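Listed after this line are the structures, all set down as structure tokens.
The same chain A turns up in both complexes below, where it pairs with chain B and then with chain C.
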Partner chain A sequence: MSFLHINNVHKRFGETHVLKGIDIAIEQGDFLVLVGPSGCGKSTLLNMIAGLDSISEGELLLDGRRINDVHPSRRDIAMVFQSYALYPSMTVAGNIGFGLEMRKVPRKQRREAIDRVAKLLQIENLLDRKPGQLSGGQRQRVAMGRALVRDPQLFLFDEPLSNLDAKLRVDMRTEIKQLHQRLGTTIVYVTHDQIEAMTLASRIAVMRGGELQQLGTPQAVYDDPNNLFVAGFMGSPSMNLVKARIVEQDGLPVAQVATDASTLTLPVVRDRNALRDWCDRDVILGLRPEAITDPASANHREGNIHEAELPVALVEPTGADLYVVTTLGGTHVNARMRPGTPLRPGERTRFAFDVSRMVVFDPESERRIRDERVTETTPIGETA
Partner chain B sequence: MSNASSERDDSARERLQRWLPKLVLSPSCVLVLFFVYGFIAWTSYISFSDSGMMPDYTWVGLHQWSRLWTSWTWGIALHNIWVFGLLYIVSCIVLGLILAILLDQRIRAEGVLRTIYLYPMALSFIVTGTAWQWFLNPGLGLEKTMHDLGWQSFSFNWLIDSNMAIYTVVIAAVWQATGFVMAMFLAGLRGIDGEMIKAAQIDGAPAWKIYARIIIPQLRPVFLSAVVVLAHLAIKSFDLIVAMTGGGPGNATAVPATFMYSYAFSRNEMGIAAASAVFMLAVIAALIIPYLYSELREPRS
Partner chain C sequence: MSAASFTARRGLATRAVLYAILALFAVVYLMPLYVMLTTSFKTLEEIHQGNMLALPGEWTLDPWREAWGSACIGLECNGVHGYFFNSIKIVVPAVLISGLLGAFNGYVLTKWKFRGHKIVFGLMLFSCFIPFQIILLPMARVLGILHLANSTGGLVLVHIVYGIGFTTLFFRNFYASFPDELVRAAQLDGAGFFTIFFRILLPASVPIIVVTIIWQFTNVWNDFLFGVSFASGDSAPITVALNNLVNSSTGVKAYNVNMAAAMVAAVPTLIVYILAGKYFLRGLMSGSVKG
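== the complex of A and B ==
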């Protein structure tokens, strides 16, 4: 039995079907990130876990207990809101202690709990201030303190970093991750930022249009996407999606991609069995920018490298990397190369494709074409 | 050559554009200066003069002011305005807040109800006063209706009871202004972050505690605005009382405004009337000026 079990949960607002049967199960200590574009239903799902929105259909189990109709205050959860939702008329200490006060915890015990959390979050010197006198980052800490002080079974975070500036966001991200590692709490975290999802999560649930697209570890979601949406949504710069055609060569399926002058033939390594059925049909290839590189930086030991000479359309140095744009199958393709590679637009250079990382999609259903496997996303040994 | 003339045209137009706002605004500015501030100054001067039925510009110093403060009717008027003002402000705020909280529960007919509560404010005080005078008149309104319906022992004659008459004025005034105060509070309630209420729910606060501890403390600016608006309405209240009780029975509902009117126009004591008018202005200014100052200064900080 998993710790938090979201079992075929639906949400309807009148005629609109906002959540269309979500199934997610996580273990104690997991950091689940719900990620997706705005309007995908991730916040609604979080509000339903919190008890702030009713569940139209399905079941919600926390630690084996059905909590569909339990009042938010009795679910043993705490929530950090996007706007922080601090009570402006109370001091920081009052804000943090309010939940305990409502639960009739004696003053002395309350004070100890507040001090403990304030120390943990390094906001001891702010306890007597009002929220209006705090900076964004400090408010964020107080909001987390208010959640931590009650020591609940489950923490809910609703886009907690979206109101911070870019630098502070990265710092707070690290801190949330450290806090999770130190306290071993179970967290459900909503964000639209796929980098936040990748860095924080132990489980990512990618959502779109009220449907769960994929649930898995960050690496599984990144390397082994279920469909075109997940492939395009996760990762920055995003995965290159290229039109291609599967043909049979020497009894094996290969992918043919149109280049400027001729055709590039890439051998297929993954999902070979499934792709046999796709011979002489159009598909979409997915290749991460880091799977296309210069021959010197290619991973010859683990990967399966296939080289080709292609024209350089554009060069984008970022300092750490050099992104080289070329054209494949009629679209621009990003390749990640070693910085300092002397390249200029219009030149031709050798690109190394790591075909072991190539994934193939059905252009119509947008689903991944993959071999049948037992369970794809949970690596063995990770289930507690 | 045509170029030069068009340039001259341009500069003339520019000059006109620069001066136009000033030209348009200056007549009203002059009128306001003369009729508002000019007459304030004139009234202030009259309060230090020997004026009786007609203005008389002989300077008598604080003579009229000392007569005002030793006047027995002025004492009654001041007492009445305290009773009226306090009850009026407190009742309007309490009732307005309760109505606003009830209307804020996402009820279906909110739009209709809000309009119904707000409508009395659209009436003039004269209409309100007259209507309530009819309604509370023992020979015409509520009492007579009850008698006609067979409840012979029913009695509600506050309007003609000199100890109770002031409360009838309070009832009518509260009836008129409560909807307005409710609208102010409703706007304040709508401005409160919904996530904060969700957070309080998760923290386990019952609804009344969410209001008492989190929402109402945040409505402090609305309370301040309501008090200032109601207080100056109370001090200015004149037409309502004239229409309802005429200041009577006796002096039972006399307030500074009716006092000022009767001394100026029926008792031929323009000097005392001017002193009372200046005193009322000073009280209202003491309320409004700090309020305006704090309101207008706020955007900068």
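== the complex of A and C ==
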């Protein structure tokens, strides 16, 4: 039995169907990130776990207990809100201790708990201040302290970093990750930022339009996306999605992509069995920018590197990398090369394609074309 | 002459005219207060000499003492002090109770919305537009049924009922911009309906509390119509007593005593404004404009 089990959960506001049967199960100590564009229902799902929104249909189980109709305060859940939601008239200590006070914890124990959390979050010197006197980052810490002090079974974070400036956001992200590692707590975290999702999560649930697109480890979601949406949403710069045609060559399926001058043929390594059925049909190839490099940077050990000479359309140095844009199948394709590679737009250069990382999608259904197998990246609703 | 200095001079001239007009209005506006104050410190003989604007030749506190303790109102000659305390007895509970009820209404109407909350609020808002005169007769009947006629208690009830519309409007608008997430956070922390109100919302409501107190205090304290209709004799508020004092027709008109009594009647509202005035505008603006 999993620790938190979201079982076929629906949410309807009148006529609008906001969540259309979500199935997610995580274990104790997991860091689940719900990620998706705004309006995908991730915050609604979080509020339903917290008990702030009712569940229209389905079941919510926490540690084997059905909590659908349990009052928010009795679910043993703490939440960090996007706006921090600090009580403006109370001091930091009062804010952190309020939950304990409501649970009738004696003053002395309360004080000890507040001090312990304040030390953990390094806000000891702020305990007597009011929220209005704190900076954004400090407020964020207090909001986390308020959740931590109660030592609940489950933590909920609702886009906690979206109100911070870019640098602070990265720092706090690291801190949340460290905190999770130290305390081993179970966390459900909502964000629209896929980088936050990748860095923090032990499990990512990608959502769109009230439906779960994929649930899996960050690496699995990144390398093995279920569909075009997940492929395009996760990763920055995003995955290159190129029109191609599958044809049979020497009894094996290969992908043919139109280049400026001719046709580029890329051997298919993954999902060969499934792709046999797709011969002479159009597909969409997905290739991460880091799977297209200069030949010297490519990982030749596996023998899955396929080289081709292509024109350079644009060069974008970021300092750490050099993104080289070329045209494949009628669209721009990003390749990640070593910085300092002397390239100018209009030149031709050799690109190395790591075809072992290539994924293929059905352009109609936008689903991944993959070999039949049960993997952890499949939503549990489909395997159960 | 350069264009810049020309505009500067023109600006100065406009400003001078502006200030002159403002000063004139201020003088006109303050004149009655000045006359009231100086007259209240004059002896009757000095008043009869006729120079209304002159400062008192001989300052005296006797008119104030008389107004407070021995002036004749109707048949009793105990001054206005008893009626002053009547007004206090009416104003304090009326302001506190109507304010608290308004705060509760605002809290429920914004944070615990129920089906039809907009209609309920609309009806309460409508009560702000009902003229006093319309409800005199039905209210007299209600007070009679409740055995509250001719008592300060009855007046307290009238003012609470009449005030709830306004106090609800104030608090609802204020709490509409109060973040819902705070209420949700408090719910998760285990706070209930009343705890959330008293511990989270109310301490953050100082500006609107001040507005409500000023508004309600001034209205209730200055009320004459309800006072004269629903309370008479010993239970009358000071506004009614002042009217009776000034209209008493026995003997010479003691203008100085009348003025002193009028000042006594005006002082509490003045004090409330002076103490809380700076919050007043701030509070009126908050809630109406999200900021």
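The rule we apply is simple: the second predicted complex is superposed on the first by the 374 of 384 C-alpha atoms of A that agree within 3 Å, B and C clash if a C-alpha of one lies under 4 Å from a C-alpha of the other, contacts with A are read in each partner's own complex, and residues count from 1 in each chain.
Note that a residue touches a chain if its C-beta (ideal position, glycine included) is under 8 Å from a C-beta of that chain, and two chains touch if they have at least 3 such contacts.
Bear in mind that the values here come from a model prediction, so they are computed numbers and not experimental data.
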- Put chain B and chain C onto chain A via the superposition and say whether they clash or fit. clash
- A:331 contacts which: chain B (first), chain C (second), both, neither? neither
- For A:102, is the partner it touches chain B (first), chain C (second), both, or none of the two (neither)? both
- Determine, under the contact definition given at the top, whether A:77 touches first (chain B), second (chain C), both, or neither. both
- After superposition on chain A, the chain A residues reached by both chain B and chain C are 50-52, 72-73, 77-79, 81-83, 85-90, 98-99, 102-103, 146
- Item | Residue ranges of chain A in contact with chain C within the complex | 50-52, 72-73, 77-79, 81-83, 85-90, 98-99, 102-103, 146, 150
- Contacts from chain C onto chain A in the complex sit at residues 179, 181-182, 184-191, 195, 199-200, 203-204
- Item | Contacting residues of chain B [partner chain A, same complex] | 193, 195-196, 198-205, 209, 213-214, 217-218
- Query: Of all residues in chain A, which touch chain B in the complex?
  - Reply: 47, 50-52, 71-74, 77-79, 81-83, 85-90, 98-99, 102-103, 146
